[in-house]
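Quick one: the structure is below, questions incoming.
All chains are identified by letter, namely A, B, C and D, in their written order; residue positions are counted from 1 within each chain.
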Amino acid sequence: MPALDGHTATLLMHCRDQRGLVAGVSEFLARHGGNIVYLDQHVDTAEGVFFMRVEWELTGFGLAPEAIGPAFDEALGERFGIRWRLHLSEEWPRMAVFVSRLPHCLYDLLSRWQSGEWRVSIPVIVSNHEDLRPVAEQFGVPFHVFPVTAGNKAEQEARELELLQEMEVEFVVLARYMQVVTPTLIDAFPERIINIHHSFLPAFAGARPYHAAHARGVKIIGATSHYVTEELDAGPIIEQDVTTISHRDSVEELVRKGRDLEKLVLARAVWAHLQRKTLVYRNRTVVFD
Amino acid sequence: MPALDGHTATLLMHCRDQRGLVAGVSEFLARHGGNIVYLDQHVDTAEGVFFMRVEWELTGFGLAPEAIGPAFDEALGERFGIRWRLHLSEEWPRMAVFVSRLPHCLYDLLSRWQSGEWRVSIPVIVSNHEDLRPVAEQFGVPFHVFPVTAGNKAEQEARELELLQEMEVEFVVLARYMQVVTPTLIDAFPERIINIHHSFLPAFAGARPYHAAHARGVKIIGATSHYVTEELDAGPIIEQDVTTISHRDSVEELVRKGRDLEKLVLARAVWAHLQRKTLVYRNRTVVFD
Amino acid sequence: MPALDGHTATLLMHCRDQRGLVAGVSEFLARHGGNIVYLDQHVDTAEGVFFMRVEWELTGFGLAPEAIGPAFDEALGERFGIRWRLHLSEEWPRMAVFVSRLPHCLYDLLSRWQSGEWRVSIPVIVSNHEDLRPVAEQFGVPFHVFPVTAGNKAEQEARELELLQEMEVEFVVLARYMQVVTPTLIDAFPERIINIHHSFLPAFAGARPYHAAHARGVKIIGATSHYVTEELDAGPIIEQDVTTISHRDSVEELVRKGRDLEKLVLARAVWAHLQRKTLVYRNRTVVFD
Amino acid sequence: MPALDGHTATLLMHCRDQRGLVAGVSEFLARHGGNIVYLDQHVDTAEGVFFMRVEWELTGFGLAPEAIGPAFDEALGERFGIRWRLHLSEEWPRMAVFVSRLPHCLYDLLSRWQSGEWRVSIPVIVSNHEDLRPVAEQFGVPFHVFPVTAGNKAEQEARELELLQEMEVEFVVLARYMQVVTPTLIDAFPERIINIHHSFLPAFAGARPYHAAHARGVKIIGATSHYVTEELDAGPIIEQDVTTISHRDSVEELVRKGRDLEKLVLARAVWAHLQRKTLVYRNRTVVFD
């Protein structure tokens, strides 16, 4: 399998905590000649759930990629009741980006993609406004506008979904997309829509968080990236960060400082997702280092 | 006035923003031979309010401490409608500490006081439990217990107030005091009761914030120090800080990490208050550097 | 002067600390009808130096822009020995960017400029390599390559200087430019060349700081933005920030995490410079909030 | 073994990286009925070294504590060449504290000990000055003074070592102890003397780091806790943290802000050591979460 040289496989798994799980998984990989390059596990003792991420080199590994899943299920998966996902490093994820009018997160995502910092494909950018078309064109990424009104929202989302499926999109990033996403999209991309919210959730959920933060007189502002669920601003949190502010900062200054936070927090969350380091369980995330 | 050698006076003031305020104040001090060692001002352009803190050396200053206020009012205060407070560095504030059962903030406050890190007096510690009496005694500070029940709260707070007044207490620090303070105390110490809340308010207001933070799956926890007002956990914020957490952290770990935050944030808030660097306006604070 | 509507003027000044400075400056502006929108001052008591930044609205101000300097000098500058610079918000600074092969800081600077986040012009990008020409072209900024060898460095820098002067460049940003800049450029742009160094200086000055940080086993890495002086990595620091790392992080991970720090720290430093909030004195900076 | 109820054992180990290590260790514990409550491992791929920390419940474990080591060596230790240490949670470490004149770290350590926050014993405090005796006495800990002069240093350290051995001290914390410790002590406590240095090492090693930081004009200051080795300020780093400063901060302000950092960073390092989460390899540390 010369095509696999330098490539790795990653198993993300969780199940009820039981004795022998780490021993079983590591023994399975050892038996097939897999050299582990990363292993991290976590036991949620309160819930009694076991989580694990293990990554190993495919060079010299005794199973073809398509044979790994069935062999793992036969050896361990069924016995322990493990729910798992397998990812191969040679397959680059396909990511769609949704934007409205604010460009800072879009620039940042496109720069990381174009410069080769991230191993990702961006087949399409979706927007409800024309404003950012020049940015998309400058980076050479197709840009589709679906204007949303009170009356056509369901219809437009259905068309967006069709486009995403046609483009074989794996996951979606809402890069300051100012529309509430409905179950039409959420159900098609469960735990695969990443949003950036401009506050340290759960503080200042909803609209205009910088105005709310200024009115409350907080001394820190933040940003939160989370997977989108049907409950607005309440999905499992992937990444958060904050910065200090003072009485000197007007709302405009909060917006300005917040922009940098939003870019950074969203980029870290997308990176964790791309690295296959995130697992969701009961509206909370395990994010391996 | 040899007693004033090395001492300073500080004026904290605010009024409607008008032209000539900085010029007027600095000219007033210059005229009396005051050497300014600190001047900071802030204009809230949205509210149209001017805030200023100015500190100057009393050595060589042409006015006796008791004459400063009247002279300032005559020169500027009445004309500009300035509300001001004068503080003299030679007068050490008298601080009461309220505690319940958790000792970490109390140890920290007492250590800073006893070691001379802070120029403050602590004439009394008040508690609703006996638990921390040994700590108070070890540091040589009088400890008074007022057990609070559903039926006797008003009466006990009245007795506490009496004690604080007898002790000539200037301000009160609630160092993880697990009782809601009522207007009996709040009205007697407006903007002079400092509380520490174990979350980054307004997130997780109310009881058991670490449990709530764990359940929500946030990636940062925080602590907030604020002046106490009648609306619970909603008073003007003096200081906030946060620390990162991960899926590995149990509620117990959050409590452990949070303790260090609480100590630090409370200590910074008390320090700002002691330095006369805080001003409250419409439920927000100006905290000068 | 209708063209001045909404515009402001900013005076940055420093001199020996003397009584009456704040009063004098604020009185000067009040006399000409200047409405102060920002005033901050700092006294370095150890050095006995006074620093001030004051910004006021030009609408309604009684002096034409070209008359401000002479009037200020006559009223105060000569008497107090004030060194000052005047900046007008209507004049956008012209910034040159120097790069080598690493694109992340360049993308970030160009995105902030193109999106209108910064009021700045970028008339030219200079490089010693061809690699980043496509990025410059995509953003529509002229890109000039001056390959540097051991033998032609002085000559190439002279040509670069000529280009910068022809383009009327006000200040230069070294955005991971991997060449030591010599006095040819430094003397032409004193305190006007901003560099980003990929460590928390003075730790790990010189080349390959991430390798050095990994070898030393530090638990934090950082980035430092500073004005360039003849002594390498020793110029006055404008901005620094850090991020935590652990034993899990390889050198490659440090490089990856560091990239985001470099972008952010450089952007904050350029912003402070653009806002005219930086003053240099004896190899240290005053950076007003 | 009823005495073991609720207690755990922890194995800290490292060896050359080989296949089957995780499988082997987890299988060994499973075979004896050990329920793992914590497992973390790290592979330094550059050095080819494997590190692991595993903690399991002793209740129901099939080996008596004194039999664990021999059984582990027979099953795995010798085959894989594992160097390991075994710790039992029921055995509280005995910690000596060395101080000079600055009290803030001492107060913090004693408060954490006395309040039961840490499971540690403090049988003795050693100092080269009398100053902090009242603090030690107030907390009820024996205080021994060994005045050090140029002529008697070796002799005094020998006496200190004798005292530590007599007190069965396991590890030593230098809580702002202003003397260089020599091999007499270092060799007796290898990787078991923890120091706090008041800078973000390797910046500002040596004496008076706050003065050096102020002179250099850095925008952040830090503190570093490390194991003491013969090369001054160069031992393996356990914990670092920083705080931002500005041009407003005098050296005295740096000292004041630094104190809080020193307390916090030292406490975190001691906590990691107490939790048996630190491993040293080639002058670097692995600090498990």
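Throughout what follows, contacts are C-beta pairs under 8 Å (C-beta built on N, C-alpha and C of every residue); 3 or more make two chains touch, one makes a residue touch a chain.
Given the structure is predicted, the values throughout are model-derived calculations rather than measurements.
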* To do: Write down the chain pair in C-D, A-D or A-B that repeats the interface of B-C; the criterion is over half of the contact pairs matching by residue number.
  => A-D
* **Identity of the chain that, by mean CA position, is farthest from chain B** => A
* Look at both sides of the chain A and chain D contact and report whether the same residue positions are involved, with over half shared, or different ones. => same
* To do: Express in whole angstrom the distance between the two chain centres, defined as the mean CA positions of chain A and chain B.
  => 42
* To do: Could you grab the centroid distance between chain A and chain C? Build each centroid from C-alpha atoms only and quote it in angstrom.
  => 36
* Structure fact -> Each of the following residues of chain C touches two or more other chains, namely 45, 246, 248, 289
* chain D to chain A touching residues, read off their complex -> 19-20, 22-23, 26-27, 30, 35-37, 39-41, 43, 45, 289
* Quick one: which bits of chain B touch chain A in the complex? Just the residue numbers, please. => 42, 44-46, 51, 200-204, 216-220, 222, 236-242, 246-248, 250-251, 283-287
* Contact set on chain D toward chain B in their complex -> 103-104, 107-108, 111, 114-115, 117, 138-139, 246, 248, 256, 259-260, 264, 267, 289
